[in-house]
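Labels run A, B, C and D following the written order; every chain starts at residue 1.
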């Protein structure tokens, strides 16, 4: 066993081996002691452990999910009846802008980052990510960005230009409140989190795979996350340019979108959507990855056409760069470019179709067990199909000129985002909860949660197809009785249905929160392998030790864990169980590595990330504050540069030993 | 705050960690190098966005001087030459680092930093001269996009200079020669990238007539 | 370290020196705003004229001077027009293309009502308050953009608002601002 | 205790077979009703129904759109049925762990090529319709449309073949001849708006600094509702418009009436006092062609000094239109409005040209608007909060008119026909 075993959170602390040598942590700037706390809030604040960071990403994302959800309910209450009085026009504009921004940038992306941070190292048999401190910095940046974006609520009104903030309406004249400034600078900071996370995870996946795990033996979830990180790597800089242009226009009087100086507002649209469309694949591919893990496990058979699913994921990522102008069919591009982007958008439906076919064929001939995770996965396949098909109907440019900016588009992207991304995320919750917390979420509550969400989702977003085809534009803060029309498809009735649906959805998600509390209090420990799973992350204890694997497993097959538990009986071609999960884990623990030195906690990621909100507030209010923020960042950068990633030997072993660290990593 | 005693121990710690040989990786590239290449890939998109904004707006001058009236090609060519030479000295620094010749590395790093500073000094002078000659940041679309593009590049060069100087300072203290060779190579990659971006910017902004 | 900071400081210190006199004068006297729109080349404004623009999508009209005839090509009209209707109080962009052998410029008259103290609706410094604005003198085959805002309607002007080319007589595009 | 073969879900107890069936059937029912509802929507519904084309351009889009909806519906049903079958057929009934098949490339490729072919076919038709809708060479009448914060302005440039000898400016309702290829040249004065009459064609954004063209044509005379569909700020929801199609003769008489000279109301009448109130209050922004000041000079409105977008609706022939304030309110009382809106195409023209008279005037909305406009329609018209726009309004401010002034103004506005 490692000399120093750092207790994982939540488990009882094993007695320290007696007479451990005194720890003399290295110092930075000659004065600052490096943090060494292994339990309590300090261990969370300065952690660099990918599992703790993954949990913090998840908790932050869940909080913002609730904030975004409340914003959505307020919108639906305003539109439930004609001449709604719940929100006035200005508040309504802020509400839908912040609902979209919170859900996209502060819930789905961080949640995907949370799952990725927690499970990618585990799935590829690594002990941590390539650059642990950058990973911590990424999380604190995300939190800082989220706070800055939402700070606007309390300081004169949040951003009110729609989540894609078209110029000139986002200019200083047309949205005078500070909301857009907070939005711009908050997303810049969150953008840094995505960019650093992307570099981190790509290097981890490419460089730190277990011996024997070739790219085509990697779990599909890790594949999808890698594609997402490449999309992030190249999409975030483009929106950084767009946001800088907008900040210079709003705060320093530049003329980028000032038509009187000859500018063209479509520049913003192009820059935003070149980021925007890869962004929506960034939102959906992690959920594709999750259900590509969940479906085979509960069908008791491998994923159908693994290479096809992987290449179609990569194809979606690649072609995703060539379709951005399908958001701009009605904004006056010439017929040639409209035709080209219309065809490219149709082309991207093909790899998505491949995925849906493969999921269905995975279940074909399987032995289906309907746990809540499996229900959410099947829910994704069905609802995403509906969303994808409604998407194909407006990839046809002429019909898109009838449908764009109406509720039909709102219905489309809620079917693919709620039905797709969020159902995938919930499937991931129920599937990996035992792995993360050692306890299983209650299946009965889970089933109610699933059914209320399915019914609520279809009741809320189904009628929006009808509202859209009846010509109700997006972002209308009020609709009037006079123009609602009679007949079966009038706006009044279906707006009411949608609002009721959103309340059912709220109850459904409320049940999930209750489920979390119930599980946290229950004493029932989850078995080591509750779902008879197939991939590497299940070859660790629940929750995994801080160094994940006692010895890094040598990988021979895709679904390595399954192949260690089962062997094919050559005569009858049925699978014979040869080892239980406990045996597999015990074998790993038997020949554990000696000196496992995990990267040491550090102050600097937190301090560096804390400098950024001050820079943002400074740009908005007073430059000296920005300079002060800049100095904090410079101080933190120096501290970070002078601090080695893994505390030197003297921290771990007695100075005399010349142990050679295995698995320690730079960064 | 840096008491001499701790400085010595600091140096000791620096040397200590370098003894780990690079963690064996699946692709053979070290984590830091692969990370730097990915970062440079994303920087291409950043400068791509800025360059396309400039190329779009360079013809729209509602007020203030036009590009060809304001540009002083000879002066900028000299400062561009200086930046190109700094890439040469950077290569020499990386070579010296691989040969574990700390003195040579520090020398060439300092020369690179000074050449870089000359370039930035020239750019600061050019900006102040243009400002006084009527091209403000808010004068015209050409002004806004020119200052943004060249300003972003200037900031990247300045960050490069700070990294070079910091590296020289750290190198002087560490007693194990060649302990920082990989870091020198990383800053070399960054510096060459910033240099190549300037070649593209210089050609598109200054040389192609409006 | 001190060397680097010194050099950069030198750049800042040198800001005063070495200014090109004509540019400094032009900036001081605001020649870029109050442009001399005559037929001959003005000392400051017409030096090294811009010959191409990259942003040329969907302007209100492309005004071409081709073998002595000035005509406006507008999206939505199949043959060149002589009258351009432009909404009032709205920045509009004309693109002037010169296919004449001599160097020509396009002048947009902004009308007397404008000059009589009625400033443009958008107070950007880019808007001259003299009663005309123009492009630089550009050679054959070159094109230049001109963004104009007509604050007052045509009926408020004594003489109609026009787009003319100094030196080419009898050719004028009438700009109707309802 | 972890399970291998038993299909017992560990904690939640055994899922009864019935509940699993219900689980799937519920989901299928929802999808089916959605699909049927979508396909069967022919009843007259909301005025902006995109599935009720009334002009060749919209019909062209509809002919392309309906098959794509049908194909999508069929594929949706196929996939749902397949999944339902799989769920029912391969449910865990205690069978052994199935054979670990990894996939059949042949099946994969065929199921990839089939959707690709379907999309290729759809693509070919899309191509043709895109280019047909972008044509500008066969149009007969050009109208300039300008959007600004929260109302639409129409400028009919001089076109002698239609009898337009001087530019005609109107707002709210776009009057056009039926059966004629009309071309709109759209631009905007402030932010991006989008002009959309669902019954006649798709939408096209009005982007400041650019001119975009949109083809409109109505088969029958009638009134076709539309709305701004690109988010443009506070009153985006209240920026509406209607396209009014008249027969060629009615259109000619409308044009003639629009260009008719201005008659100042008779002396001593309430309307005359209204004209005086108009001259000292409203003419700062609103233009009435031909209106003279007491000293005989033409009253030229100066919205560029008071309104940020530099324009305010032209009220020359206000009462020939039957909506106002960005077509948010009707000038006609409900009864008269339904009479015009629901008139069949034959006698619609006459009814529309009748315009608004005293009996049919929707007095309460007009008076509420004149009394305090920003209260009934959210606009940036609070004098204290105009620093960003250098003291200029975005929308009509509260002029603080007395009730008697309002009576006079209403009487005067009624004469603008």
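As a working rule, a contact is a pair of C-beta atoms (placed from the backbone, for glycine too) under 8 Å apart; a residue touches a chain by one contact, two chains touch by 3 or more.
In this text the structure is predicted, and so the values were computed from the model without any measurement.
Asker: If we look at subunit A and subunit B, which chains touch each of them?
Answerer: C
Asker: Please find the path from subunit B to subunit D through touching chains that uses the fewest steps, and give that number.
Answerer: Shortest path length, in steps: 2.
Asker: Taking each chain's centre as the average of its Cα atoms, which chain lies closest to the overall Cα centroid?
Answerer: The most central chain, going by mean C-alpha position, is A.
Asker: Just give me the whole-number Å value for how far the CA centre of subunit A lies from that of subunit D.
Answerer: 37
Asker: In whole angstrom, what separates the CA-based centres of subunit A and subunit C?
Answerer: 50
Asker: Indicate the whole-number Å distance between the mean C-alpha point of subunit B and the mean C-alpha point of subunit C.
Answerer: 39
Asker: Two-or-more-chain contact residues of subunit A, please, as numbers and ranges.
Answerer: Counting only residues that touch two or more other chains, subunit A contributes 255, 258-264, 266, 332, 334.
Asker: What positions in subunit C touch 2 or more of the other chains?
Answerer: Those would be 55, 57-58, 91, 93, 120, 122, 124, 126-127, 145, 147, 149.
Asker: Could you pull out the residues of subunit B that touch at least 2 other chains?
Answerer: 56-57, 60, 62-63, 138, 140
Asker: Hey, how would you classify the chain contact layout here, line, ring, star, complete or other?
Answerer: Contact map by chain: other.
Asker: Who touches whom among the chains?
Answerer: Inter-chain contacts occur between A-B, A-C, A-D, B-C, C-D.
Asker: What residues on subunit A touch subunit C, complex-wise?
Answerer: Touching subunit C: residues 255, 258-262, 264, 266, 332, 334 of subunit A.
Asker: What does subunit C use to touch subunit B in their complex?
Answerer: 1, 3-5, 7-12, 14-16, 18-20, 23-24, 26-27, 32-33, 47-55, 124-127, 136, 144-145, 147
Asker: Considering the complex alone, what residue numbers of subunit B touch subunit C?
Answerer: The touching residues are 55-70, 72, 110, 113-114, 116-118, 120-125, 128-129, 131-134, 138-140, 161, 165, 169, 209-210.
Asker: Quick one: which bits of subunit D touch subunit C in the complex? Just the residue numbers, please.
Answerer: Listed in rising order, the residues are 136-137, 139, 142, 144, 146, 153, 155, 157-158, 167, 169, 183, 185, 187-189, 207-213, 287, 289, 298, 300, 302-305, 307-311, 314, 390, 392.
Asker: Which residues of subunit C touch subunit A in the complex?
Answerer: Those residues of subunit C that touch subunit A are 55, 57-58, 91, 93, 120, 122, 124, 126-127, 145, 147, 149.
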